[in-house]
Amino acid sequence: MSSLLEVADLHVNIGGYQILQGVSLAVPEHAVTVLLGRNGAGKTTTMRSIMGYVRSAAGEIRWRGERLQGLRPYQVARRGIGYMPEEGHLFANLTVQDNLAMVARKSASYESRLERALTLFPDLRIAWSRRAGTLSGGQKQMLGLARLLVAAPALMLIDEPSKGLSPGMVEVLAGALSVLREATTILLVEQNFRLASRVGDHFSVIDEGRTCLSGSMEQLVARVDWQQQYLGLTATREEV
Amino acid sequence: MGIFLTLALNGIVNGSLYFLMAAGLTLIFGLMRVVNFAHGGLYQWGAYLATFVFATTDNFVLALAVGMLIAIILGIVMERGLISFVYHNENGQLLVTMGIMLILTELIKVPFGPSELSSNTPTDLSNSWLVGQVVIVQYQLFMIGASIVVFILLLWILHKTRLGMIVRAGVYNPELVEACGIAIGRVFTIVFALGAGLAGLAGALAGPYLGAVTPTMGFDMQLSAFIIVVVGGLGSLTGSFIGSMIIGILTAVVSFYFSSLAVLVNVVVMVIVLLIRPQGLFGERESAT
Amino acid sequence: MTRHTRQFGPLLLILVVVALVPVLFGVGGITNLLEQVFAFALFAMSYDLLIGYTGVVSFGHAVFFGTGAYVVGIFLAHSGGSSGGLLVGTCVALGMSILLSLLIASISLRIRTVYFAMITLAVGQTFYVLSGSQMLQPLTNADDGMTVPLPVWLTHDRPVYYFSLAVLVLCLVLLRLFVRSPVGLVLQGIRENEGRVLTLGHSVYRFKSIAFVISGLMATVAGILYVIAQTFVSTGVYDVSISLDVLLMTIIGGIGTLYGGLLGALIIIVAQTEFTNLAGTYPIFGRYTILFGVLYIVIVRFMPRGIVGTILESIKRRSGQEG
C-alpha cells in the first residue's frame, strides 16, 4: 500500500492554542480516506496545514516523499493537491463559467475535463452564466466538486461536502463522490457517518487534536463499540 | 449660464484627475484590504519627475511615461519590501504607508528644493476655443480623454481578461485563489503596481494643469482621493468614477464662490453619505470574511 | 508595597528631577523646551488611549489639540489675558471637544478602522483650512495667527513651568485611574479580542466612544498647555504634521503603555529642536521628517511595542523566570 500523502505527528498552534497535538495520517493512492471526529477536533486544521494555510509547529507532511511544509498554498496546489474548503469553496461574485476557469488556462485537456464535469453535474450547464452566489446549496457543492474535477489534481481534500444538504442532495453527492474516486485519491472530512461509510475505504479519527484510531472502513463499520467510543454515534444522538 | 458651464467643465477636469487617483486606491483596497496612505506620494513623484523630464527634453509622452514608471517602481518596492510584511495587520499598514508618505513627500525636496516648480503645458495641447461663453482648453480635454480611456481600460481588464477574473475572485476569496494554484502574492504586486502607475500618471498630468508642482500637492490630492473613495465606496471602480465627478464638480463650484471652503464642503458630503450609507454609494456591505 | 515602590519609584524620581530643573538650570531655553514636552507628552498619552486601548488609528488627533489651543487662545486674547478668560475658554474648549468627539465617533467608529483613519485625516484638514480662512479672521486672525496674552500669575517662566507640570501630573493620574477602571479593562479586552467582548454583552461602540471622548478631552488640555507655553497660536496647531508627530511619539514610546508618550514626546521634541538647529549649518538636516518616516516603518516592523513596551516586556519575562 503506497501512500501519496503522509502526515506524521503534526502539531499546530493558533493564537496560543494547541489545535493539533499529534495528527498522523497515511493517504493511500486510488482510495478514499475519511477523516472523522467531533466538531473542533482538528480535521479542518489538518487540511489547512496540508495546504499550507496554517504553519505547523512540529511534525511532517510529506507528498510523494517531498516535505510540503514551508510551501505556499499555491505551490502545494501546483504539486497536484486540490482543496475544497467547507466554507468559501467558491467565488460567489463570479459566474459558474469563471469559477471553473479559475483552475486552469484554456486548453484541449481543459475542455475535455470541463465536458466531463458538466456531464456529471448538468445543473451547472444550465446555470452557466449565473453568479455562483445565487446557486442553491446543492448546486454550490456541485460547483465546488466540478472545480476539483476540472483541476484534476492527484489528491483532493474535500471538507464536509454534505453539510447543510437535504437527504436527496446527499444522494447526488454520494454518486458524485463515487465517480470522483474512480479518477483520483480523496481525503474527505465527513460528519455524516452513513455517507462516510459508503464512499470511504480507509478512515482516521481525530480527537482533541490527536489521531486516535485508523484502519479500514470495513473494520469501523463492523465495530459498533468504536463508533460509540470515538464518534459518539449512538451515545449522544443529538450530535449526529 | 456661461459660468455654470465653465465650472461644470472645470469640475469634470478635476474629477478626471481625482479618478486616476481614486481608481488605484480602490483597486488596491478591494483586493488587498490595504488603504495606501502613500498614494499621494506616488502622485507627487510622478508630477515632479514628469515636470522635470518635460522641462529638459520637451517630450511630453516621455514625461508621462517617466512619471508613470517612477511611480510603478516605487509602488513595487513599497509593496514587496514593506507592505507585504503587514498584510493582516491593519494598523501596521496605516502606520507603514503613512511613514512611506512622509519619506516620499520629504525626499522629493532634496533634489528639487522645498519651493514650487513651474510646469509647462506642451504647445501641441495648448490650444483653446471659445464655445458660447465657455473657454475650452485643449489640455483639459486631453485630461478628460485620458481618464475615460483609463476607466474603460480598467473595466476591460477586470471583466474581460484572466488577470481581471483572478482579481475579482481575489477580492472575495483570496485563499481559494491560492488553492487554484495561483500565486496571489504576484497578483497583489501587479495590482499595486497598476494602482501606483495610475497615481504617477495623475501626477504627470496634474503638473501642466495646475501650472506648478508643490511639495504639498501629494497630501492635498490624497485627501480628496480618500473622500472620494469613502463617498463612492471603497473597492468599487464605478463608485470611484461617480465619486470623483461629484467631488470634482463640487470642488470647482465651491472654490469659485468661497475659495477656501472646498475641503469643508467635501467633508460635509462625506459625512452625509456615511450617515445615510456607511459603505459608500457603490460599496458593498462588509461581510463576515 | 515593594511592588508599588518598584512601579512608581522611577516615576517619582523623574518627577523630582523634572521639578528641580528650574532651580538647577534656571529658566529659559530648557524650561521652554520642557513645557513643550509636557504638552506633547499629555497629547501623546491621550493618543495612546485611542490607539493603545481601542486599537484605532487617527490621523487627525490635532483637531482636539488645535481646538484647545485656539479656543483658549481666542478667549484669552479677547479678554485681555484675564484668569476668567482662561477658565471660561477652558470650559468652552472642553465642551467643544466632547461634542466634536461624539460627532466623529458617531460617523466613523461603527465602521472599519481604515475609514476612521481617513475620516479623521479629512476632518483634521477641515479645521486646518477653517482656522486659516479669511471668514474667521476677526476671531482667529486667519493665516497670521495671534499672540495670546496670559493672566498676570502666568506671566513668568517659572509659574508657567510648574503649572504645566502640575496639569500633566494631574492628567496622568486621571488617565491611569481610567485605564485601571472597569471601563478601561473592557477597552483592553476590545483591543485583544473584539468578538469576545461583544459576546460578553458589551456594546463595543459605546466603550470605544467613551475612550474617544476622554482621549479628545486630554488632547484638548494638551493644546491649552501648548498655547500657554507658546503664548501664540496659529494654523500650525491643526496641521496634519502635528497629528503625525504625536502618533510617532506614541509608537516610539510604546502603544498601550500610557507612560510611553512621556518618553516619545521627549525624544521627538528634542530631536526636532536639535535638527532644526543643525539645519542652520547643514541644510540637509531640515529634511529630518524623512527620518521620522523611516522610524514609523522601523518601529512597526522591528519594535511594535515601542521603547517602554519592550522594556516592560523584558522585565516581565525576567521576573517570570525568577518566579
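As written, the chains take the letters A, B and C, and residue 1 is the first residue of each chain.
Criterion: contacts are C-beta pairs under 8 Å (C-beta built on N, C-alpha and C of every residue); 3 or more make two chains touch, one makes a residue touch a chain.
From a predicted model like this one, the values you see are computed outputs, not experimental measurements.
For chain pairs B-C and A-B, the one joined by more C-beta pairs in contact is B-C. Geometrically, the chain at the heart of the complex, using CA-atom means, is B. Per-chain Cα centroids separate chain A from chain C by 53 Å. Centre to centre, using the average C-alpha position, chain B and chain C are separated by 32 Å. Chain A and chain B have Cα centroids lying 43 Å from one another. Residues of chain B that touch chain A in their complex: 162, 165-166, 168-169, 171-173, 175-185, 289.
Contact residues of chain B toward chain C in the complex are 29, 35, 37, 82, 85-86, 90-92, 94-96, 98-107, 109-110, 114, 219, 223, 226-227, 229-230, 234, 258, 260-261, 263-264, 266-267, 270-271, 274-275, 278-279, 286. The part of chain A that touches chain B in the complex is made up of residues 51, 53, 72-74, 77-78, 82-83, 85, 88-94, 98, 101-103, 105, 147, 151. Across the interface of their complex, chain B is touched by residues 51, 55-57, 59, 107-108, 110-115, 117-119, 121-123, 125-126, 129-130, 132-135, 240, 244, 247, 251, 284, 286-287, 289-290, 292-297, 299-301, 304 of chain C.
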